[in-house]
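Shared chain: chain A. Partners: chain B in the first complex, chain C in the second.
What follows is the complex of A and B.
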């Protein structure tokens, strides 16, 4: 047993309103430099949709993550060690800037400086890469937001492949159209594809907290991490020739604050906390069949109250403060205790440490002849509208494709519990359910009133301190004795220790 | 005297600067040690340029080095005329591949606005000298045949005398201008290594073949 601590995350999708405040907070802090304009370390996607970069989930195309080989072991989809070097002159699976978008600005100066003429001067779009006018902009940030251009984008969502033709048509039905938001940052995986794919060994996981970082000084632009990450969360800085990614705002974490995207979240959907896990189980839990992946990943997470686990953690020099943070962790409750938060695309086998509570809304059933099709839904004694998982507007198979590697039972179990919370609280406040219905819902959700109240509390009324349990990392104060952390303040940039020049445009 | 400066003085200066500046840059500016790939901005032309260029130039440099390090074995190998023909034909094919690849890369940086925008002055200087070197090599191979054989009795003794610190240019002094130009330009490229993106060949990530897949760094020693 090798117990380690990991700063982990939960995003509660029912609460996401798709406002992109997280993305903006992140961009303003980290990616407003030349070469990073197109980067969205945090982005919010509309589902169904093809995401960012377009069709990132399609690993036939991008070769990200791991695949289970016939020998029962996992292999990088992108390359084995020899191919990693022989493909170094041309990476066959690299997305290019056109799979994202070409960043642009507008020639505002022309509005002031244009010579007098018969026409109003215009501010033409200008590429931020070439500086040349771009008169035909074909993509931009959140180009397919809220199903915009869905015949092109949403229709090509790879998760829809698992649905029947009828189910797909219903998703796009006029006036009954359905979508939800999927905010994404780096998953800080336990078995990261980017780290394994990097020929230079520039990407690493911090032992103490599991944060995955790219050493800007060791990165040599071999650009394999971009393909290696199945979530496409490493980005290539085309100007500096370095890969960059979400750093989980380490400077903020180290001074006790949650990351900027967490802090600024309007819907308060984000939770941050420590998980204790057994690193010896990584190999085993990544090599099980698809349907068992979620359960295997959950099994790696250890009970921070178990004296044996605490002893093993202390033996590994995990501090008391870190163990206390793990005991207070909201993430532990969502993921392990209540089992309602699931990893995104577990079939990539990277063991992502960002978990999602699947969205329940819209809960209303499919339609039939212009009316809600609720026939036969109350057969388990469950109220029709809220108990209608089988006929949910968003097919359960689609959710399973996203959150449980296709294992429908796993997502269903989470939904049954979430539904129980709804029915229980509605019966309590609105009083329009019979006790028998409530009991049936609790039984179906394999839960009890006590747990339901706890889930309700942490979902609806959590305080700042309950949402973010930031462990005291104290790395800055630890190095202060021999290094001044503020030495390069105001003169250096991300990854740059020398003075840097101001950008030109 | 002039020959001494060009074929003894300059090579020593070039190699010394290459080593010293490379180490200095690695130590004081590790951030700048990068291949500066532009594949992200331009994908298609890069394939037809980068792949033939890199595999071609690696083969050619390998042949140069092998002949230099094992002159006897190389001499015995090319003593047979059939084998000499084969070596020369392969050499010509690889030279064609290299020239083609480099020309595509040159054209790519000229014609593609995106690739052009990440091309520095140093890149143009480097591209120019590389193209010159490949063209010269091609010229030498074409006009002064059987270079894989006479290389052993001209350039090899000279280079080995340089390595042994007992410089002797007698074996190359009488060679035609173009051949000498090829030698000289070779050292210009060695000189350019530490000042350009060519440093990427010094940090070729061979260790990827054996390193652990996952890299974990601890702030404090664990045990």
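What follows is the complex of A and C.
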């Protein structure tokens, strides 16, 4: 057993309102420099949709992540050693700038400085790469927001390939159209494709908290990480010639604050906390069949209250404060205790440490005589309004494609529990459910009133401290592994940087 | 001293003094010998001349690769001459008019820097001024065969003493458009091949450091020399054909095209954009 600590995340999609505040908070702090204009370390996609970069989930094209080989081991989809060498000067699986978008700004100065004329001056779009006017903007980082251009974009969502032709047609029906938001940042994976693909050894996963970082000194611009990451969350800075990615706002974390996107989230959908996991299980859990991936990943997460686990953690020099943070972790509750948060695209086999609570799905209904008519009971004998997964507008197979590597039971189990919480609380507050229905919902969700109350509390009424349990990262002690903290002890203060002349008498 | 070496320690006290004194005496003696032998200079000069100069020069035997050196000490200023023999490359590079004239006169073959010390140069000058003659160059070459000479040059035929074939370092017109190596001079219309005697004299004991180190141990036979000379002096290779330039250009274009085709074959399946083809497909479908 090799217990390690990982700063992990949960995004509760039921609460995401798609306002992009997270993206803007991140952009303003990290990616407003030259060469980074096109990067969105945090972006919010509309699903169904093709996302950013376009169709990033299609690994037939982008060759990201790992594939399970016939030998039962995982292999980088991008290349083996031979191909890696022969392609080293010419990476064949890079997204083009058009697949992200050509970043632009507007020539606002023209509004003030234009010479007097017959027409109102306009602010033309100007490319932030070439500096030339862009009069025909064809794509943006969020071009298909709220199903914009859906016959082209939403229709080409890679996850829809799992649906039947009939189901796909129904999705486009008027009054059935449905979408939800999917905010994405770097998943800080346990088995990162970017790290494995880097020929320069420039990407590393910090031992004490699992944050994946790119060394700007070691990066040699091979750009294999960009192909290797199946989530397309490493980006190439064309100005500095180095790759960059989400750093989970380490400077903020190290001073006890949550990352900027977490802090600014209007819907308060984001949770941050520590998970303890067994690193010895990584290889095994990445090479199970697709349907078992989510369960295998969950099995790696260890109970931070188990004395044996605590002892093993201490043996690995995990601090008491870190263990305490793991015990208070909201992520542990969502992912392991309640099992309602699931990894995004587990089939990429990178073991992402960002988990999503799937959004409640609007159900199919038709207006009859001006009334919204919902008929019948669902499979579990629950009224259709909140209970029905069968009648959900978004086929459950689609959600399984996103959150459980195609395993429908896994994502259904999460939904049954979320529905139980809804029905239980509604019966409590609105009182329009019978006790029998509530009991049926609890049984279907394999839950109980205490757990439901706890889920409700952490979903709807969490305090700042409950959402963000930022552990002391102990960087100052971790750094002692390679640097003597007293090395520069006498090299600061007055007269060190600028010599001060002695006063002459 | 032997004792101190055996004990693996430095001599101390009076012993050290003795050792130092002995060393000093030896040094004085050795330098004394080196500096105080003017009478031996001419004899040394003759040996030096035979070792370093005969490849290109005679005294009273006529021109070879370089000029006949009979009376050179009277023709030239001794200070200049000493400087020239010491470092011909530097004198030539300084744009000296006499050196430049000689360089042009002898088909642009520069005199190599022989790495002589000032004393050796003095000895040589003493020998040259002493009125000695060497007669003509070495042996007469038999009749050569240009075809066989070319075979030796490009390496189709081995030299009997195992020397390397010429094309590794030298190029010459008449080899085809790609020519030969660039380490040694291009032998087209070169001063080394201006006469049979000059060529034979040089190639049998080359004075330049690179050539000497190779050919001293693996000399060419007379027949090989004759064949090579026949090839190098052939009228057809006295000038580069303009068509060979076109050939080089065509070869370069063909080679580039082949490389690009191969690269395209290997990297042809690379990702060439996702969004644009997707949008175009959707538009085409909408039109239908």
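Everything that follows uses one rule, which is that the second predicted complex is superposed on the first by the 443 of 505 C-alpha atoms of A that agree within 3 Å, B and C clash if a C-alpha of one lies under 4 Å from a C-alpha of the other, contacts with A are read in each partner's own complex, and residues count from 1 in each chain.
Note that in this section a contact is a pair of C-beta atoms (placed from the backbone, for glycine too) under 8 Å apart; a residue touches a chain by one contact, two chains touch by 3 or more.
Quantities reported herein were computed from a predicted structural model and do not represent experimental measurements.
Enquirer: After the chain A overlay, clash or fit between chain B and chain C?
Expert: On the superposed model, which is not a single observed complex, chain B and chain C clash.
Enquirer: Going by the touch definition up top, name the partner, chain B or chain C, that contacts more of chain A.
Expert: Larger number of chain A residues touched: B.
Enquirer: Does chain B (first) or chain C (second) touch A:93, or do both, or does neither?
Expert: second
Enquirer: After lining up the shared chain so the two structures overlap, which partner does A:55 touch, if you call chain B first and chain C second: first, second, both or neither?
Expert: A:55 sits against chain C, while chain B stays out of touch.
Enquirer: Output check: A:156 vs chain B and chain C. Expected answer is one of first, second, both, neither. What do you get?
Expert: second
Enquirer: Using the superposition on chain A described above, determine whether A:41 touches chain B (first), chain C (second), both, or neither.
Expert: Neither partner.
Enquirer: Classify the contacts of A:348 with the two partner chains as first (chain B alone), second (chain C alone), both, or neither.
Expert: Neither partner.
Enquirer: Between chain B (first) and chain C (second), which does A:139 come into contact with in this model arrangement: first, second, both, or neither?
Expert: After superposing on A, A:139 lies in contact with chain C but is clear of chain B.
Enquirer: If you lay the two complexes on top of each other, which residues of chain A touch chain B in one and chain C in the other?
Expert: On chain A, the overlap between the chain B and chain C contacts is residues 90, 94-96.
Enquirer: For the complex, which residues does chain B have touching chain A?
Expert: 29-31, 33-43, 46-47, 50-51, 53-55, 113-114, 116-118, 200, 203-211, 213-220, 222
Enquirer: Once bound in the complex, which stretches of chain C touch chain A?
Expert: The touching residues are 263, 266-267, 269-276, 278-279, 282-283, 286.
Enquirer: Taking the complex as given, what residues does chain A use to touch chain B?
Expert: Listed in rising order, the residues are 76, 81-82, 84-85, 88-91, 94-97, 127, 129-132, 191-192, 195-196, 198-201, 203-208, 216-223, 226, 236, 238-239, 241-242, 316-317, 475, 478, 495-498.
Enquirer: What residues of chain A sit close enough to touch chain C in their complex?
Expert: Residues 50, 53-55, 58, 61-62, 86-87, 90, 92-96, 98-99, 138-139, 151-152, 155-156.
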